[in-house]
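One chain, chain A, links the two complexes that follow: it is found with chain B in the first and with chain C in the second.
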Partner chain A sequence: MATQQTQLLARTLLTPAVALLFIWMIVPLALTIYFATLHYNLLDPGSESFVGLENFRYFLTDPAFLASLQNTLVLVGSVLAITIIFGVPLALLLDQQVVGLSIVRLMVIAPFFVMPTVSALVWKNLLMHPVSGLFAWIAHLFGLPAIDWFNDAPLFSVILIISWQWLPFATLILLTALQSLDEEQKEAAEMDGASAISTFIYITLPHLARPITVVILIETIFLLTVFAEIFVTTGGGPGLQTTNIAFLIYSQALIQYDVGSASAGGLVAVVLANIVAFFLVRIVGRNLEA
Partner chain B sequence: MARMVTTRNKVISTTAAWLVGFLIFFPILWMVLASFKTELEAFAIPPSFLFFHWTTENYVTVQERSDYFHHALNSIIIAGGSTLIAMLIAIPAAWSMAFSPTKRTKDVLLWMLSTKMMPPVGVLVPIYLIFRSVGLLDTRAGLIFILCLGNLPIVIWMLFTYFKEIPKDILEAARMDGATIGRELIYVLTPMAVPGLASTLLLNLILAWNEAFWTLNLSTLEAAPLTVFIASYSSPEGLFWAKLSAASTLAIAPILVLGWFSQRQLVRGLTFGAVK
Partner chain C sequence: MGQITLQGVQKSFGPVHIIKGADLEIADGSFVVFVGPSGCGKTTLLRLIAGLEDVTGGAILIDGRNVVDVPPAKRGLSMVFQSYALYPHMSVRGNIAFGLKMAGVTRDEINRKVEAAAATLNLTPYLERKPRELSGGQRQRVAIGRAIVREPKAFLFDEPLSNLDAALRVQMRLEVTRLQKQLGTTAIYVTHDQVEAMTMADKIAVLNGGKIEQYGSPLELYEKPANLFVAGFIGSPKMNFVTGELAKQQGATTIGVRPEHLKVERNGQGGWHGTVSVAEHLGSDTFLYVDAGPQGVLTARYIGELDLHPGDKVSLIPEPARIHRFDDSGKSIRA
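Let's turn to the complex of A and B:
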């Protein structure tokens, strides 16, 4: 009897959260699907009509879509590569005996807490400005020509800023994982005469495989829809050079007011994110049972 | 001999770690320094690192010319409000799943996680249109509502992982001693749950404070939090570096402090317990 009561109570407590999330998930998504089948432009009200898959055909064959898909993939791939390639050695370094480690860790983690609009603007102006930026001055010291970052390598510039924001995240997660590595195992390997390199390859790296996967999946989810950094630095340009899918959809919806094709684009983004989410949910779910 | 090597290693790794840490932190430091320069010095080549005319005039101007506190207040209300409401909804849900799990609990949790995977841009259009038709555009209430829903899955997940670590035996012992559910909640559960509640609160304040998709798209002036206020400095007319730096320093300072306190919980919260 008591258990039945408890279960009823438990279900009552759970209901508001489930109901809210259900509405949050279903209503906007259903509307997006509905809008995606309409010819619907906010500048031309009253002309809404059903066009079937026309918006998808338009969005997917739009040259801007291919360009922005490519930019999205390059951006996500580069940031992932940079944060992992620099994050692993950095985490290994912070796992050593370091005097004042807590202060170093604070400095390393700090960029993650800086709001995207601030980090993008500070990098763009104070550091990367072709005339008065610090990088231009450093290049000058070495007798090199200054780089006009956002004109010569716009996408790379955006990648650089976003990598700076996410390197702390990767490092912190890898460091946390390293600290849970069994010291005895490493010591035993050393006693057996294993070199530092083979200890790293055969013990540390396999131990890091899972956290690296987690870093990749979570970063991908966030990086697929990078928006603010592009919004305040390049506005997607020059041309389409820094337009990713998220920015393309934004400009179709809120600049060109083309609700129909922006919705079709939104669904493409949902599908892309779901491919990643599928794997992430499985990994997390496996952990839930353990 | 072995000791010598250890000391040498320690010196090397300490030097390397401090060097890398300083490099990563440098853009923030550079911004803080620029906020105390005059506009002319902030722009000057060669730049001055420490020996410039220190001034706090930028901090005064930022408030006078652009009403900084209005946007700071918006940030506080939106981040605080959305986090508190999310906690109120999440605590009962996480409590129920942690202490009376059913066969479906795991599926419910994973489903909640999957709602977080929805890219916001996928539902930008309907949310924008709904907000426009019910007059929620550029209102604090609208942003609180959206950010609350957006962070709810993370809040529930974090609380769930913390609640699950509370040993059930203690609850049973309390029950054996004749404690009612109310007493059990106040005297036994709450004290053990406080650290988890605090760190969940902290992490979600940080996430909501820095959120820059919905805030940029759904607010312009009245309800604009600091993310949007800072973005207004991106307009080409009026590149005021020192003032941008002062406004930015003010905008990130509180969150940097909170963030440094919560760095351990960050890993757990953002990996949904997959890495602890």
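Let's turn to the complex of A and C:
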């Protein structure tokens, strides 16, 4: 029971933590907004001056911006599609009773524990390398020319690496959901004459709607800000082919040393993330309602 | 038609024998109840008939055709599960229609049948609701609706009333029985509640330890139990068993008398003497727990109110014609 006293006590006790979190958030945001209105280049110290919205105009009209926005959306969309389309059957397989299942499950989940830089390096140097990579060796076995992945299909390569990292996450969430599916419901469907495919479409898939929503929401949050994999493998190139918004902001700040423009870009990214979140919640969020 | 015959049906899970050879003849249109204590194999037997488990041995005939290799849906049976197992994301209409939809029935036909089933079960106002918006009794009715709409050869009920409260259980018990009589469809009903078994069944199969102990009408089981287990399981309160010298006088190892067949007399002559240890006064009945020395604690039931209290001396006189005699192996001795 929340009496007025306990409410007051709760608020008083919570205040320091909330205040700290608020300062933690508001100081960087305020500074970013402040920097975004300055001409502020690290290569030109002492020349800081107020330029209004000039940095935003510069960032938004930069052809790199639209290219990187498109790359971001393609990357997020593809990884989401791949992880769910492959995650559902994988989870169905892992839900079966087979010998050695615990080891198989562990192996499937392992990629998620490898840090992004390491897995990107493994893919770049051990798997996709056109001279010494495993894929090149396999292609050679069949007498085919090796593919220079990061030159010929750079965005696809990055998508492949990131999907490999996130597939275990989707599989894991979907697997736990499958295990909570009532056995009697499946049997009822069996009695009702539903084939395996019908059971999947009418019983299993609707049951998975909610976990799929969770996967989409969580993955989107993390995939909008993918950076390490791009930095390690392609450095945003060739040209702008693998530059996403996060990488573009990085290159503004730490390659061109333009703090003002990078800050403006950061704010644009915040707005974009909110727009994506808004649409996501509108489209899939109703699945979360009990 | 819905005549079901079990011939030496066996089921093992690895080395554990759950069903040790069951033979049963279920007539078309009859209501058969499988009753027994937890773990006696009654639900397993039902699942074998449904086809949700494969038999280890023996044959299951439905209308004379062996169906052990036939998938569940093709056996023409429908089942009501203990948890109801409704599809949570489908409306009541969707739930009831699902089986028909899978069978490829036309849309008009489905609607007609679903609405007819809903009308029978008073579900018409709830057709567009989701299962989570229904009460326990309504969900139960949807589960039954899902079973009847397919016009099966037989209904299989797996403890369908165990999740309902006592009042609703009595009501649903009547409704299920009435519906079954009205449709004239064979029904097999699993329960651990012997009152449900006695009130609903045309015939009861009492199961214990994976074997059918006795198969017969409720009164047959009550009046002529085949063995000690059935005698003790059917009837409430439980039958009194007496062993030793008294049983020997009757030419048996054990004799059994039901509480309602013990005449209670205050300080009377003859019969078995004892002291009342607990008296339960229900108004309509009086249950006496009588400490009768060498015979142990005996239960007596008196119809109506009997003004007896703990500590009172009574004598219990069994009705001679109602004494059940059992031999060494627990089998009933018939005169």
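Here, the second predicted complex is superposed on the first by the 259 of 290 C-alpha atoms of A that agree within 3 Å, B and C clash if a C-alpha of one lies under 4 Å from a C-alpha of the other, contacts with A are read in each partner's own complex, and residues count from 1 in each chain.
The rule we apply is simple: contacts are C-beta pairs under 8 Å (C-beta built on N, C-alpha and C of every residue); 3 or more make two chains touch, one makes a residue touch a chain.
All figures in this text were calculated on a predicted structure; none of them were measured in a lab.
Novice: Quick check on the superposed pair: does A:V51 touch chain B, chain C, both, or neither? Answer first, second, both or neither.
Specialist: A:V51 contacts neither chain B nor chain C.
Novice: Could you look at A:L73 and tell me whether it touches chain B, chain C, both or neither (first, second, both, neither)?
Specialist: neither
Novice: Which one hits more chain A residues, chain B or chain C?
Specialist: B
Novice: Touching A:L160, do we find chain B (first), chain C (second), both, or neither?
Specialist: neither
Novice: Under the definition above, what is the set of chain C residues touching chain A in their complex?
Specialist: Residue list for chain C touching chain A: 50, 52, 71-74, 77-79, 81-83, 85-90, 98-99, 102-103, 146, 150.
Novice: Provide the residue numbers of chain B that touch chain A in the complex, in ascending order.
Specialist: Touching chain A: residues 6, 9-10, 13-14, 16-18, 20-22, 24-25, 27-28, 30-31, 34, 42-47, 89-90, 92-93, 95-97, 99-100, 102, 106, 108-110, 112-130, 149, 152-153, 156, 206, 209-210, 212-213, 216-217, 226-228, 230-231, 233-234, 239, 241, 244-245, 248, 251-252, 255-256, 258-260, 263-264, 266-267, 270-276 of chain B.
Novice: Touching residues of chain A toward chain C in the complex: what are they?
Specialist: The touching residues are 182, 184-185, 187-195, 198, 202-203, 206-207, 209.
Novice: Note which residues of chain A are touching chain B in the complex, please.
Specialist: Contacts found on chain A: 6-7, 9-11, 13-14, 16-18, 20-21, 24-25, 27-29, 31-32, 35, 90, 93-94, 96-101, 103-119, 121-127, 131-132, 134, 136-137, 140, 164, 167-169, 172-173, 176-177, 180, 210-211, 214, 218, 221, 224-225, 227-228, 231-233, 245-246, 249-250, 253-254, 259, 262-263, 266-267, 269-270, 272-274, 276-277, 280-281, 283-285, 287-289.
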